[in-house]
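Shared chain: chain A. Partners: chain B in the first complex, chain C in the second.
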Partner chain A sequence: MTKQLGFYANTSACTGCKACQIACKDKNNLPVGLLWRRVYHYSGGGWIQDPDNKDLMIPNRVFSYSISASCMHCQDAECVKVCPTGAMMKDENGIISIDADRCIGCRYCEWACPYSAPQFNEAAGVMTKCDMCKDLVTQGQNPACVDACPMRAIEFGDLEELQAKYGTVNAIEPMPSGEHTKPALVITPHKDAERVGAGTGHILNLAEEI
Partner chain B sequence: MSNDNTFTNPLKETSLSRRSFLKWSSVLGGTAAVAGGIGIGLDAFEDAVQAQASDGQWVAAACWGNCGGRCLNKAFVVDGIVTRQKTDDTHPDSPDFPQQRGCSRGRSQRQRVFGADRLKYPMKRAHWEPGGGDKSLRGKDEWVRISWDEAIDIVTSEYKRITEKYGANSVLWGTNALAAAGGYTNTWGSTSSGTWAYTAPRVIGDYANAGNDRFELRKSKLVVMWSTDPITSSGGNPAYNYLQAKKAGAKFIFIDPYYNPSAQVLADEWIPIRPGTDTPMLLAIGYVLITEDDPATNPLIDWDFMSRCTLGFDKTNLPEGADPEDNYRDYVLGLDESGNLAPEGHKNYPAKTPQWASEICGVPPQKIRSFALEIAQTKPVALMESDASARVNNAQSIGQAFVAIGAMIGSIGVSGGGIGRTRHSTAGNVGPNLIKFGRNGAILESAENPVKDRINNNEIWDAVLTGKYTAGVGEKTDINIQFVYHTKGSRLQTTVGQAQGIKAMREVEFALCQDFHLTTGARYSDVVLPVTTQWERDGYLVIPNRETAFWASNVIAPLFEAKDDEWIDWQIGLKLGVYDSATPELPLKQRIFNQVAGATVLMEDGVTTEPLVSITEEDLAALGVTGTPQTGRIPIMEFKANGSYQVPRYEGDNFTYIALKSFREDPVANPLPTESGLVELHSAKLAADITALGWTTIRPIPEYLPPERGYEATFSDWSSKTKGEFPLQMYNKHYWRRSHSEFDNVLQLREAFPQEFVMNPIDAQARGIKTGDIVKITSSEASAIRPVVVTERIMPGVTFLPHGAWTEFDEALGVDKAGSDNFLEAGVPTVEGHSGYNSQIVQVEKWDGPELTPDARWPQRIISI
Partner chain C sequence: MNTNEWALIIFTVVLQMAVGSFVILGGVHFFASRRSGIDAADKLSDRALLAIGPVVVFGLIVTLLHLGNPLKAPGAILNVGTSWLSREILLSLLFSVGGAIFAFMQWRKLSTPTVRNVVGLVVAVVGIALVYSMAMIYRLFSVPAWDTLATPVTFFITTFLLGSLAMGAAFVANFWYIRRRNLDTQNVQYNLLAGSLRWIALISIALLGLQFVVIALNLAALGVQGTEAATASIEEIAQQQGVILGVRLLLLFVGAGLMSVFVYTMVSSETKLRVVSNMAYAAFGLVLVSELLGRYLFYASMVRIGL
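Up next is the complex of A and B:
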């Protein structure tokens, strides 16, 4: 049985504070424009007239939640399939990383990934992305994002163990369905989480944020 | 550089090798390169990053923001440069004994400390000369590098010249040296606490300690979060502590104009309320409780507590000489002295019914009633607020109104209950500190400032511009400010009336600032002095929460020619002849050691204390300090290496805290520090002290006064509800990019948090606005432009602009491009002279001017000299 490491995201405890995104940027010295971990804010619902007080507006099922997403280190990864040089590689732990020496910056992986994980470094001319802090993980430590979360909402480990502990949900709206690439991800849905494809809300992030 | 430098001398006291210091300082000497777009000004940065991990060392590094967390940071130092940060990993993490994890701001200290926009050298404005030179160029002039000697010369000669010509009170703000040399005018007024500053001590006493210990919180059945968002405002553990209460079964109700991030995770219910209308809702809750209470069939009010522990609830319980109509019950029920419904025009009119409150606060009357019944019938209830609702013009009444409810529902002094402030470092975890630092052994005493002029925060800039300020009822005092010293606190950025402030800065003869970056205060000054951060100093101690103590070490040598504030003050004092170089102060390192050596920690019994640290002779030698060996709980070097000591806690330990429990049990033996010793719902002292300040006359009971620039002010005609020139309310929420105004310049934070203006879809659609558009926000004072996020999470009629952005006024466009909250705010002195940041009214329209670049792509404020 091949090993697959993965992430767990507890969206019921995620505040959207982005400590994880910042910890990742700091550890990897990422400039503005490269986000190996991104936090999406999603909200919905509406406002209606209070039936008993026509002058008043009241909230009608207003909800919001946040999702912290890095690379999914997919079990059926599109990025690996489309890479023409073999720069995009999946290792024996299931971690997908980029060999910068082989990468020619064609950006096919960026097109193919449903999760916006591969990010083009314009200055260097190559693709970059989350590598699950391979250098820390191989020393028995956690990825930077896991240790950073003030709500302890991110975990990582053997995907099967995470699934045994937290279940097999791997997508909520506005994420793509997990059936395409089989992400190595487990999610605890927020109480207001909407099912993939059945969303009624909208992403709150401005374009420059994600 | 003076040889009399008895404070920090980086060349002598740094533990870094001379080789690394020289290499680094030659690298930083020229134009700072922007390393890889991170905004860090170090060419050698890339080399350091490539260095082997084993070449470096983790050092406990201060996080010194004025936030609620102040969490543990570790900096990885390689050859005198920090390449990465991490947070607390000094012990395994658990809910009972949590790591002190930092937030996005604290995690960005490295980028802030090493920013390419760090101030490097003392500098003066090119077109300045004694007298001011071309004052109109303040904020847009060129900079000229000067030496420290020249800088201190200018500061001291201007101080002497200006005080001789105009008097010592012509100086606004100052430091100890200036206090000793003749003094300076200071300012006053509550900024963070709103109207609780005057209300709390007169109504309930020690309000800061009126809330719950975090283990007590887990016993709450219901937690009310009124105008509070600890997840955003108090980064780190407060949110995690509240999460444990939720896991233990507490229901959470949020009362807030915005479904805020804390609500997103914790709320079972959200009651939207208009900013500044909290007092009407609180009074209406009181109305429901009083009118529906029946001790036999429907007990809602804790009459035992009310009769033993409060003053002023009804006319039978008033102090000697009080007006019998000034009692809480009759005001709430709208009754006159004979107990009949008061007629219109009577001071107790009308009855504070849910219908009356609803018209103002926007909460449906039946919701006010059901909420009132719920908090009265559930036990125990933790009634929490965090002062945002008191940072509202005219809102002196909110404290008394809030305490009244807490008293009536029986939350004061009970397990799982508590009322109070969930804010700053006590958010979700209140109680006496388990660890206390010792005395620092400082030799020098603070000088007393002989100048008695004190200007209220709301009047500062008007005082500079008009030459007058309020000194009491009907009293205007003359003042002529000609020297403004931005010492610390970012006053020009964080004081209301900033648009006036910038005008004022162009009037005075001399302006001086010391800071890390070209903040607003620095930008509009004549002389700017570069200051060291806490990473560049010899240590930093802080108690971030009741169970933890941090000791951060020196991380790096001072950057460029930055000096610390103490050294600057010392040079100024020496030059002015008020400090005696023969009497040096103890070095900071020694003072820090003294405090650590004298630190005590509570033992497991919750009563006895022991010294925190053990010290050996070897330790004293290694630290380079004088002292005596001692035994304590942990070795001093372990404390220094970890940077943290945290008391292990568990369910049922002896450290729990129930505020005001002994007061509840015996108010005679354990009186509150109020005038009567009781909870005062009628406080003659509060009324007298507020009225004497000269702006507003108030009653001794929580009378609702419509706030200037509040909801009512959005209408040109209230009865027909015709909207006026500024139809939307705006308030200024704390924001993840910043701790107040700190961190605003850090690129990765600007990227993560774009300083969006937030409005409701109904208001947006009416204006043809959608998420991502640029909007123009106009107040009575000024205009700003910002990208907008349109969301149902905020009430219709309400908007917010995040607090703390550094103003970037574009003269050609006539707008502030950064969206500084205070640029749109006016200084409005009311009641206790607090800053009513959350009372502002605006108009909003789609911006049809030039595109606005996203904040993260703005050029850094790098001075090339």
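Up next is the complex of A and C:
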């Protein structure tokens, strides 16, 4: 098997501070509207109102957790398959990136990706996405998001090594199931993490955050 | 109103109409030549055939406007191995070039009718493959509202419904052109026109019925699926855009249903030919608008699963 680099996300440690998101935006000089890494706040539960005292709300199974997600550099990537020009490529390290010179901006990958990884740059007329900070990685450094995390909740490395260390969970709510695209991701689930497809909560982020 | 995908709405509807027109025209020509001879059949269909050309060219130019970088568009055929989008573009080009070659042969009466028929048949098969590839583009697991059998079925309904009605309108225009020049000896063209319109009316009514069933079944299937994305798609089609859905269905019913019934029953009476002609134009116009609205709803229903 060829090499596959991947990300690790510890959702039980993530505080949702978005330092990774900002580090990514800064490193890649992303214009307004583009976020190659996004932090989603997922929350659920409810309250029971005391019938005799309407001001008294008793919390019931309230939970909240955050998940930092970028491109998953999937092993069976839909974006690579559907791209009509071959501009979307998977390299020898398993990193998926776009050759901007060949991209025609048809936005088909945007429809196909369930992680919102490929994003359209209106000004340039081409798709853009996370390339795992390829330039830093080839110099032996970490991607910007990894080093920015104050909780050390994001790691990156060889997928098999990450899996040996942290297991093989690659999806929790509100992420899509990993069965279609085999994302190169390992997650340590938050203690309240909900199983994919059995979610009771919803994403709290404001529209302008994502 | 979300009109982001207006270029794709026009491109897909127009190209499907062109494929449908080509196939229907081939069928009409086949039966007309058996009934009244090849010359009469050519007279009925040649001008209609030439009318398809500009429509295809228009569709192909419009689709470039969907791209962020139209100048690099030729690269879009490079990934035919895995990308249905590449296959669609390649087949669009083959259909256009093949159709142009066939039209030129037919217009100048090059080679024999048999050879022309074979070329026409090949182009028709390419056209059908093109509509299929268009539908497969939208079979994305990430978009439940698109990833259903309804997508190819609806695309083919659009193809043959619009193709039939477009050709009906074209035959009518061609007929009056011939009449004005007094070229219709012994009413051969009138009889061919009446026969074709009757079949076109029947096809339209059948496809109209199928379309209503597919729309209902598809909404029901998405409802049963019950995922967040599928539910959001239904909300978009049936509630947010409910008025547009209603207008689309009404236009479809009036154009492909009521008017087809009138055309079918009135076309045998030559005195009512003016009315029938106008109705054939109107039916085409109404259904074209309805199909454009339907395609608009199709793109509006795009809700992805996941993040």
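Here is the rule we use: the second predicted complex is superposed on the first by the 203 of 210 C-alpha atoms of A that agree within 3 Å, B and C clash if a C-alpha of one lies under 4 Å from a C-alpha of the other, contacts with A are read in each partner's own complex, and residues count from 1 in each chain.
Just so it is clear, contacts are C-beta pairs under 8 Å (C-beta built on N, C-alpha and C of every residue); 3 or more make two chains touch, one makes a residue touch a chain.
This is a predicted model, so every value here is computed, not measured.
*Asks:* After the alignment on chain A, I want to confirm one thing: do chain B and chain C clash, or do they fit together?
*Replies:* fit
*Asks:* Please work out whether A:Lys25 is in contact with chain B alone, chain C alone, both, or neither, and reply first, second, both or neither.
*Replies:* A:Lys25: touches chain B, not chain C.
*Asks:* Thinking of the overlay built on chain A, is A:Gly167 touched by chain B (first), by chain C (second), by both, or by neither?
*Replies:* Neither partner.
*Asks:* Look at A:Ala148 in the shared chain and tell me whether it touches chain B only, chain C only, both, or neither; answer first, second, both or neither.
*Replies:* Touch partner of A:Ala148: chain B, not chain C.
*Asks:* Which partner, chain B or chain C, touches the larger number of chain A residues?
*Replies:* After superposing on chain A, more of chain A is contacted by B.
*Asks:* Going by the contact rule set out at the top, does A:His180 touch chain B (first), chain C (second), both, or neither?
*Replies:* Touch status of A:His180: second partner only.
*Asks:* Is A:Ala69 touching the first partner chain B, the second partner chain C, both, or neither of them?
*Replies:* The answer is second: A:Ala69 touches chain C but not chain B.
*Asks:* Touching A:Pro59 in the superposition: chain B (first), chain C (second), both, neither?
*Replies:* In the superposition, A:Pro59 contacts chain B only.
*Asks:* Based on the superposed arrangement, let me know which partner A:Gly16 touches: chain B (first), chain C (second), both, or neither?
*Replies:* It touches chain B, and chain C stays clear.
*Asks:* Hey, in the superposed model, what angle do you get at chain A between chain B and chain C, Cα centres, nearest 10 degrees?
*Replies:* After superposition on chain A, the angle is 130 degrees.
*Asks:* After the superposition, what is the least C-alpha distance between chain B and chain C in whole angstrom?
*Replies:* Between chain B and chain C, the minimum C-alpha distance equals 16 Å.
*Asks:* Sort out for me which residues of chain A touch chain B in the complex.
*Replies:* Contacts found on chain A: 12-19, 21-23, 25-27, 29-33, 35, 39, 43-47, 50, 52-53, 55-59, 62, 64-66, 123, 144, 147-152, 202, 204, 206-209.
*Asks:* Which residues, counting only chain B, touch chain A once they are in their complex?
*Replies:* Of all residues in chain B, those touching chain A are 36-39, 49, 83-87, 89, 93, 101-104, 107-108, 110-111, 231-232, 235-237, 239-240, 243, 259, 261-262, 264-265, 270, 272, 358-359, 362, 364-366, 721, 736, 747-754, 756, 760-762, 771-772, 787, 789, 791-793, 795-796, 854-857.
*Asks:* Inside the complex, what are the residues of chain A that reach chain C?
*Replies:* Touch list, chain A to chain C: 38, 40, 69, 78, 80-87, 102-108, 111-116, 120, 122, 124-127, 174-176, 180, 197, 210.
*Asks:* How about chain C: which of its residues touch chain A in the complex?
*Replies:* Touch list, chain C to chain A: 66-70, 72-73, 75-79, 82-86, 89, 137, 140-143, 227, 302, 304-307.
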